[in-house]
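There are two complexes below, and they share subunit A, which is joined by subunit B in the first and by subunit C in the second.
Let's turn to the complex of A and B:
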């Protein structure tokens, strides 16, 4: 059932006023086109929303209908040349605004020919009621149409509410006194008005339309009725409804209330209730834009008031100066006192007539001294409550006044200041002539400004906090860089002092190298197996680095495990441990840098020196911390995807595995080859492992001594060297232990089971290596190990020489 | 007698436990007073109050170590808001900290700028854009008008200018003020 059938009676809104109409002065004469003015001023901001963006340049010649500015953003409207001519300036010009702030405007000097360009107009559409709604909306947007009832809200935006609308209301009420431009338009161009209504109905996909017209315009109503009959079937479900004349029934919310009984709630829009309101002049403009392709370049303006010689309605190009309109209407009469844009109730008094007509202006009212109440000196409020009775929005104007006056804006907001439609009824009935609406406008703009300031303060606070964070971070980065530099310098110092190799040391080194080469060859397959094809280069890189470190450590541990107990000196002091960790970090960084061949074997691109340095520094810190503090903390910064329990288990399992490995066989723990882990996780894992190893190192001080030689006494070093020599003898036996690799692998598998996020596929498929690769791998590893051994030997020997 | 003592003791214990529980369970983290004061401050981070930013000033006020009338950018309205948060009577702005003035923004004279980056470092909200030996400019939407960039500039190319009013930011004047302004000349004429 149509909504229209449910409308059986008219409703009434609260309050309202019967004000003297003064319509007769201007509604008898037909609309006349104003002669072409010499210069037009077109402000880029004539509508609600973002200002349009000029798309012409100074000096450019434009045809009538050419675009001067394009919509800039969603809620914005284009601007077109109202006549042909030359753009002489794009500069700020004063507009009809209470602030008097100049607005960027396009100044167009007409050439008098008023000719349309060859490309100015899109194709006219005859059968316009069958158009695609989306195309229709596009057409309306292109034409720069805004609400011509006064608010100047971009019409295309309103038409985008497709699907959310049940009823389209055409506002033909024109309730404000003096104004007759819509009345004349309906009388003369009723067909265009109805055509536009049907177009908008199609754009919105709505069936039901109601035209609300005040009963003081019988001629216009009759013209509309005739036009509706012309459209016949197309105009089905359009209801022409005459409503009683009562100010402000032309206000959107009040008109909807009268026609449908729907009360638009507090702080809500009519769209929320499925109702959309459009003005009759807007409808006619939409019709013209679609059927003729004509953009919005002119509008009907009422020029009236007792201060005008011959009041009438004029078809005026947008941008025409007000003075041209007044001149055409015979100029001012001696009674002229105030120039007002809009009606006497809601209009805006202007300081002068040197301002351009914009899209939203429907009336130029030149009031005589006795027409409108002069700004009499207002008296104190006597709390009579008349304003409350007159308010059509059901507000408490007196309360709002008190709060606005006292600058208690939060309280004014609490009494629904923002539901005020500024109709002026309260001020009109006020016996004390209080400028109530001005107080409300003042309060509204103050609240908006406070909100803007608050928003800006929030923004500034966020930016300042980020600023502080940034400084902190930069400080930390600087410190890290310094540290890295320092450690690099120390390392260079180590390199510089290369004493002649002790024959004993050389022999040890050579033996170590041989052993490593053998071991590497035996282990090549297992190593290859670890590097899964699914790993990314970054992951491989990290993996390789981690593996290199692990291997080095394991080697040392293996060498010393047997003798560790015998050689163990007393527990090292924290300082020693720290030094030890730092030294190790440096050594490893160097190793990683000087053994690119090994990195290649693991299919990883060589790390840059900076990366290595950073890595070493980070590692050194981590280890130092670790050695000094409790091992349980190792888990704290591990991968976020794992639960603390899982991590703990993982760490424990790994520690066990490594302990076993150190004691028995040089098998590679495969747990860290999990391809499912992200680089961050891998990094953390590596760090965690490093810490675990540091702990291990601390418990095997003999091995530690080897790396931290400068800090140790010559006796210790001697012992250590002896231990290493003895270890060489056991090499063969150790190699036999390689068979235990399987057992370690099983252990690793356990560890992975305990950590469900790690992929089980990690060590499944050992990729077979070619002979050549194996050889290269073995050689590379031998070189690396030899170098390391030499390094660890160097400081020791230097100490011994002393 | 005994029963009364017993009952009162029981009540005391019960409520004591209840309060103890509440103080643990519903404990408020942080310093809400400093937060509320910070929310009222204009966040210009200008340091005219003698503290390095709005937050430290708010914290000092919360501790009772600083007076609440030391924020010129907030002006009298800001002082009143602070007084309301602190629950004290408002007082006038301390002239030692500066004078209340309209909102400003910094403007870099781009012809004079030598690209020294000193102003970049001074800006508390990172609102100046530029790099060494390249021209700098102020992101006007982000500038708080604190003026901290003016002093470091070696060529004095930064000036503070009032924020230009636009149609969007313009405010209606109070009718009260305009009425008074109209009345005064009338009285003078009389």
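Let's turn to the complex of A and C:
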């Protein structure tokens, strides 16, 4: 069933205003072509998105319709020569923009002949309604068509939403006062408007179209109706809907609401609701581009207001100076007080008329002093709520005002500042004459600026901190080396005399080890912090891998220090031991954090197979070192003598550790995606598989990644992720094993050495380690899965991206 | 040619603070005329005193605060405050009462809080409450209505009473207790509502004579809502809540509690609902918030009238809800366009 059948009524949006229309000044003036100006200025950026890239050189002769600049990027639009002539300059020129910043422009001197080039005009197409949609979109893109309602968003991009659209809305509302260019266009070229609509419908693969036109344009509506009848069957499922005249019903959001009842807020684009909105002038331009091969080189502009002698609707070449339009309309009247591009509600006031017409300009309003509000002294807000009653977005403008005024931008955002469409209704009704919209723009730009500043400051801070860390670390490393040498020498000297070394020495060694561990961790952090701001993903991943290697080395270093301490252990106090253990735990935690980065490094598409292999090898080496060192370390912890109770506790701890290990195995099995097995089966399976995989895992995933690197399909990514999870699991298992071994070794050591003092650290050591490893395993898996989800999600969503 | 570059919107529909305030004054006229007709020219005398005091106080404060006199005096906000207070005061109150109340309202309740737009409380009601609590005797002797005595005091008598010596005899001849006063004392003495209502001061709906005044205020208030000068939600919420709660209690015990139409058409219920509670500066600003704010005033008015220590409760109810207005606004934000419900 057609969606149109479900549209049985019109909807309302909140607020809105009846602004004096002032359409009569110009709506009876037929569209006239403006005489060819001597010089045209064509800014490369006159649309939303990336600026076009000039493809002509200064001095080059161009024909009418030749491309002057090509679209640079997906969201961009081409630019064509509006007439034949010579490019005399490509330089920054002022444009009609609030910033006043000049924009790179092509300056074209007309030769007065206005001739089309032999190649500039593609062959006209007669039976255009049967064209291939892809070809249609291509032709629209080549023609450089942008939304002519004012926003100037590249039309081809919008037409790429093929398949996602249910309803195409043609915006014929023209709700701003004074403007009549769309009205005239519909009256005079209704056939082109409807033709363009049908073309866009075909490009989008949509059936249902609604034309929304305000009921103050009955002639235009009648012309459209007649054109629809001409198209007969081709124009089936096109609904012409007159809507009440109420500003701002021509705003995309409000028009869609009125016609369909659907509300499209800030968080959703119309496309996401299956609705696409196009302006009537855009439709006519699409028609011309397809049926005549005519790129967008001119548009209809209304010149009106009591400040102009003869209000008119003009067909104007893009790039024509405003002054030429003013001159053609008889010049300014003595009343002229403000020059506005666009309408009086949202238009931009210009200081002078020496600027060029761009694609998005629909009206030049020269307002008399009494047509526009003088910049009046404002009164305090009396909270009357008139602004709220008028707001079409149902906001609380006075609260936004209070917060913006007090510079409480976070609160302004809480009252939905960014939902404001700056339509101007609130300010137009404010009894206190507050420049409300100006306050909102101010707040928005302040918030944007603050966000940019914050980013910059974070980068600077990270750099500075890294610098400090590096200095500290270098000094500490020096000291550590010195100390290690000293204590080793001392150790040798004391060996024969007594097993109990100087307790002070041991304490220092332990402290050094801790310091080193901290610094290394800090360094890793700082490296990550600094690099993440400016580096490409590939570089980041390499860095992460490097960091992982550094960690492994550091661990080995800690180990050396630890061993030094170990020699002196007999004399270590329980507190010192505890601290040592804690330091180690912290280091482990850090390592765990860096591990996924290492895993990610496997998937890095920019790494060559050789690099990958090296990486894997490095990792294997690091792990081997780690595993080797772990038992010794545990020995060091457990070394001081334990009481019988503690021994018992240790035994229990060992039992727990083993249980934990067993528990971690099924997790590994899960990673392999065996969902239907019982826990016992899982355990057995896991043990077997862990052994097998320990051998192959290190090299296999890297290899697979290297092969699959350039273009991964979702399935491949899934497999890869699974492989990565397996690697992770294997590593964790190894660590668990190492820890358990350590615990055993510790017990053995204890059994041999009976000592009077109790050490709580010894008891704490085995269990936390295994638990930590378990946590690490779980975390690694979670991360891997998140990664997988992100990767498999990406290709799907990027299709929808415009 | 060089043009001014102001930001959009470039048009203004011509509303102004002065226009809003003048509309309130127009809406007060029917009620004011009814007051003159029923109670004599006293209210006009009070209005003249209040307005002159208010303008003088406003000018003084504006000068002290360094604000442009012309622009701020022209906004008519002081005029509105003065008129509202003058209507709320007994028509034959001594002149210094009015001067004191108005001065307090403008200087302290308005300007010391930051002037127009910044006062958290309704200035007229602050002035009224200060007088009510400080001078209860002067504030409770109302002019007797025309229908009771057959005539109203003429201008000379009024002026003599307001500005001259006030002997107890002359005062008694032209004043009477208000119905709300009578009702609460008599019920306090153990009489039933029906017994009390047989007193000649009672009319068909509320107090004799007051019914007409209230109907006139109702007409002016409805016009103001239609003009969107006042938010309709506030009077609707207030009168609705007052009607509901008084009906409930009247149904439970008609001997102790007055009927709803009595509550609606006595005292300051209608005047307060349309002219006092709707002061935008101190009221709630969201649509739902205004309903809640109005309803709160309605309920508090009934509570103060029925079980409180003062005969009428509108002024206190409004001030209490003024305190709650920012909180109400916080929790009654409307759903933004496009946001999910």
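Note that the second predicted complex is superposed on the first by the 449 of 802 C-alpha atoms of A that agree within 3 Å, B and C clash if a C-alpha of one lies under 4 Å from a C-alpha of the other, contacts with A are read in each partner's own complex, and residues count from 1 in each chain.
By definition in this document, a residue touches a chain if its C-beta (ideal position, glycine included) is under 8 Å from a C-beta of that chain, and two chains touch if they have at least 3 such contacts.
Note that this is a predicted model, so its numbers are computed, not measured.
Asks: Just checking: does A:405 make contact with subunit B only, subunit C only, both, or neither of them? Give me first, second, both or neither.
Replies: Only subunit B; A:405 stays clear of subunit C.
Asks: A:367 contacts which: subunit B (first), subunit C (second), both, neither?
Replies: The second partner, subunit C, only.
Asks: If we overlay the two complexes on their shared chain A, which of subunit B and subunit C does A:457 touch? Say first, second, both or neither.
Replies: A:457 sits against subunit B, while subunit C stays out of touch.
Asks: Does subunit B (first) or subunit C (second) touch A:339, or do both, or does neither?
Replies: second
Asks: Among the partners subunit B and subunit C, which is in contact with a greater number of residues of subunit A?
Replies: With both complexes superposed on chain A, more residues of subunit A are touched by C.
Asks: Under the stated touch criterion, which partner chain does A:435 make contact with: subunit B (first), subunit C (second), both, or neither?
Replies: It touches subunit B and subunit C both.
Asks: Which partner does A:226 contact after superposing on A: first (subunit B), second (subunit C), both, neither?
Replies: A:226 sits against neither subunit B nor subunit C.
Asks: Is A:45 touching anything from subunit B or subunit C once the two structures are fitted on A? First, second, both or neither.
Replies: first
Asks: With the two structures laid over each other on chain A, which partner does A:445 touch: subunit B (first), subunit C (second), both, or neither?
Replies: In the superposition, A:445 touches subunit B alone.
Asks: Tell me the contact category for A:377 with respect to subunit B and subunit C: first, second, both or neither.
Replies: both
Asks: Where on subunit A do the contacts from subunit B and from subunit C line up?
Replies: 375, 377, 435, 438, 441
Asks: Going by the contact rule at the top, pick out the subunit C residues touching subunit A in the complex.
Replies: By the definition above, subunit C touches subunit A via 1-13, 15-17, 19-20, 68, 71-72, 75, 77, 115-118, 228, 231, 280-281, 283, 285-287, 329, 333-339.
Asks: Please output the residues of subunit A touching subunit B within their complex, sorted ascending.
Replies: By the definition above, subunit A touches subunit B via 45, 97-99, 101, 103, 375, 377-378, 405, 407, 435, 438-439, 441-442, 444-446, 448-449, 452-453, 456-461, 463-464, 466-467, 470.
Asks: For subunit A, which residues are in contact with subunit C within the complex?
Replies: 13-14, 17, 19-20, 177, 253, 257, 263-268, 332, 336-340, 342, 344-353, 367, 371-373, 375-377, 379-386, 388-389, 392-396, 398-399, 415-416, 419, 422, 424-425, 427-433, 435, 437-438, 441
Asks: How about subunit B: which of its residues touch subunit A in the complex?
Replies: 38, 41-45, 53-55, 123-127, 142, 144, 165-167, 169-176, 179, 182-183
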